[in-house]
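Next come two complexes, and both contain subunit A; in the first it sits with subunit B, in the second with subunit C.
For the complex of A and B:
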């Protein structure tokens, strides 16, 4: 405090390493006393030029490459890329294939949402519950590892369908694992609604108003928690989502707590969707069992990744390599929203607010 | 049942006097994907204004430098690139995009992907090499990062951008990185093991002298 009792203004660097996440992002934050007055974001620490690389690989190699853009939504990238290629080539994915795509997608969503909400508890300082939540998430990770052989890059997608199949035994196994996860998620929601230390640190913190959410063009749970009722799975259905009992969750407060609650409720919906998928799983082939040439053309494709809408633009020519592949992930817009959320926030809440957009940098910078 | 207005083409024509090349498809789930090429990229702002009024959300901007369409038979200019390139044997017609931008492999195609209530509308602007395009950031706040990224990856000039700083690349890197071949050794700052060592050594000498 200066002599006349007006808090002094400082500029503090936050990052690039460790701001609630394991990926580098650098914030220049102006503070007056304890209060944030301005945020400037400096990106580019993990820019790898993958967009260029895609034009040097064949269409089929790119399914493998796009899976490696990011680990938490590693399934959404190859799926959206494959959907764009299927549109251009007019490939119809077999029924069993599109159901299995949903199964892979929703399992990843459960794991991703539980990871983010667990990290939030960690940032509020409630370490024992953080470890408990990671243990619950571990049930889902175990399931993913048992079914796909990998914990993160599950290699489930291919152009024309999926690369894995489920039998009676593995279906029963997934269902039994879901039965273990579901009551735990109900418990977690109860804790989020009642625990004082979680509520104090997250309620009314990092508010993104509805108007700001529209202006920044955010998507996914960040948008839905601010009252933007949009989910690609309902608005532009793909795979089997048009015939599944999808419930889109929303909130209106737009604070850190609402974003976490949307994610937890979506986790329960994902479990419901998985059960229906596994019950209704049609027979037949899981993919087209062919690698046709993709003719020249252009297409866009969209998916609802755990963090929101992923958009792919694909342009092909006469060669096996695509002419241009461009994609945009949810976090790309969500960073701008962070600047709004941090206005007037306390320095101690910076990490909690950054975590609440479920940031993914390797996706954003490519 | 499309969520795009039924008279979208008429309304686009009204705000883009130079002309619109419009097409759209509807998939099995009833999702419309529409494409609108602009004859004059100067119409982008008024088209953006219309989409803004329709409640559209800017989802992504893609900049590409489409390669020239393959020539039919002859492929003789492999070697003769140096001098004779300007006026080759017979004046061959350069293929042109809708609106007349030459498709010679150096011009840009900028795709603005919008979402209107779940349906997709892509507005395509063709910009010749050395040309510029108006910024959509004043209308759509999230165009900011897309346009900054576009300016560092290509030599496109975005006019009236409120904050045309670098986004991902450092100031020390020249722009238009996707238009140049950068050898890997240059990229990683070590043309050879010796080259890196020499740089370290000369830097050390400089420090010692000072």
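For the complex of A and C:
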């Protein structure tokens, strides 16, 4: 405190390491006493030049490369890339293939949402519950590993369909695992609604108003928690989503707690979607069983990653390599909103607010 | 579930971590691990080399035939090679144990050789690859397959063309 009792103004660095996730993002934050007055975001620490690399690899190699952009949305990237390529080449994915795409997508969504909400509990200081939530997520990770062969890079997508197939045994296995996860998620929601230490740290913190949400163009659970009722799976259905009972969850408060609740409710919806998919799974081929050349052309495809809308622009030419691949990831839209969320926030809440947009920097900075 | 009942459950079910290396590690059957190559089934189409995103797979022509090398330290275990292989000559096993000393790093290679042979018909030297007869109708019998395999590509085409197809 200065002599006349007005808090002094400081500029503090937050990051680049260990803000919320172990990913580098640098915030220069001006504070007055304990209160944030201005936020500067400095990005680019994990730029790896993947957009350039995609133009040096063939279309079929790129399905694997795009999968490795990010670990938590590692299914959405190759799926959107494949959708763009299929659009150019006019490939029709077999019916069983599009259902299996939803299965892969939703399993990853469950894992991703549970990871983010677990981290939020960790940041509020409730370590024991963090461990418990990660253990619940581990059920989902074990399922993913057993079905796809890898915990993160699941390798489910290929141009023209999917690479994996499910038999009776694996369907029964997924269903039994879902039966284990579902009651746990219900318990987690109950804890989120009643636990004092979670509520005190997250309710009314990092508010993004509906008007600000529109102005910053946020996507995904961040937008839905601020009352923007938008989900690509419903607005522009891809894969089998037009045939599934999709429920889009929303909230109006726009605070950290609402965003976590939207994610947890979406987890339950994903479990429902998985059950319907596995029940209605049609027979037939899972992919086109061919490796056609992709003709010259351009296409845009988008899908709903766990963090929000991911959009791919793909331009091909006569060579096997694409001429340009450009993607816009949800975190790119969401992190500008962090500046609005942090206005008037306390220094101690910075990490919680950053985590609440579920930042994925390896996607954004590729 | 309140904290106490969670505590009681965890106490009963024991630690969740695996006992590895003192016990077995969770390894699903479908785990995508070390690559194995079966030269006997290889058609020599080299599609695996083209779809491998990490360029871990290399074919090379040697005096003995065509060699196949997959460098495990370069491989990203994506499984593209197995997926696009037309004859199941490449497989991903669920063996994930690839730790090795620095001295062994150049030995972490899956090696295979498609040997040369003398064509039984014209005597030319050609690779003893598995013949591309997946779409042959009617399917080849075992003797026919061996006869096709013993020939060079040109004589294989001739053999298949002159094959008597019962109508």
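Going forward, the second predicted complex is superposed on the first by the 366 of 366 C-alpha atoms of A that agree within 3 Å, B and C clash if a C-alpha of one lies under 4 Å from a C-alpha of the other, contacts with A are read in each partner's own complex, and residues count from 1 in each chain.
As a working rule, a contact is a pair of C-beta atoms (placed from the backbone, for glycine too) under 8 Å apart; a residue touches a chain by one contact, two chains touch by 3 or more.
Worth saying up front: this structure is predicted, and the values here are computed from it rather than measured.
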Review point. When the two structures are overlaid on chain A, which partner does A:64 contact: first (subunit B), second (subunit C), both, or neither?
Key: second
Exercise for review: Counting touched residues of subunit A, say whether subunit B or subunit C comes out ahead.
Suggested key: B
Practice item. State whether A:280 touches subunit B only (first), subunit C only (second), both chains, or neither. Key: neither
Practice item. For A:215, decide between first (touching subunit B), second (touching subunit C), both and neither. Key: first
Exercise for review: Determine, under the contact definition given at the top, whether A:318 touches first (subunit B), second (subunit C), both, or neither.
Suggested key: first
Check your understanding: After superposition on the shared chain, which partner residues are touched by A:187: those of subunit B (first), subunit C (second), both, or neither?
Key -> second
Practice item. Kindly list the residues of subunit A that each of subunit B and subunit C touches, one partner per complex. Key: none
Exercise for review: Please give the residue numbers of subunit A that touch subunit C in the complex, ascending.
Suggested key: 57-58, 60-65, 67-68, 128, 132, 135, 138, 142, 145-150, 153, 155, 158, 163, 187, 291
Study note, to complete from the structure: So, in the complex, the side of subunit B touching subunit A is made of residues 29, 31, 33, 57-60, 62, 64, 66-67, 70, 111, 113, 115, 117-120, 122, 140-142, 144-146, 153, 166-170, 177-178
Check your understanding: Which bits of subunit A are touching subunit B when the two form their complex?
Key -> 43-44, 47, 49, 51-52, 214-217, 230, 232, 234-238, 242, 299-300, 302, 309, 311, 313, 315, 317-318, 323-324, 326-328, 332-333, 335-336, 365
Check your understanding: Which residues, counting only subunit C, touch subunit A once they are in their complex?
Key -> 1, 3, 6, 16, 26, 28-32, 47, 50-53, 76-80, 83-84, 92, 94
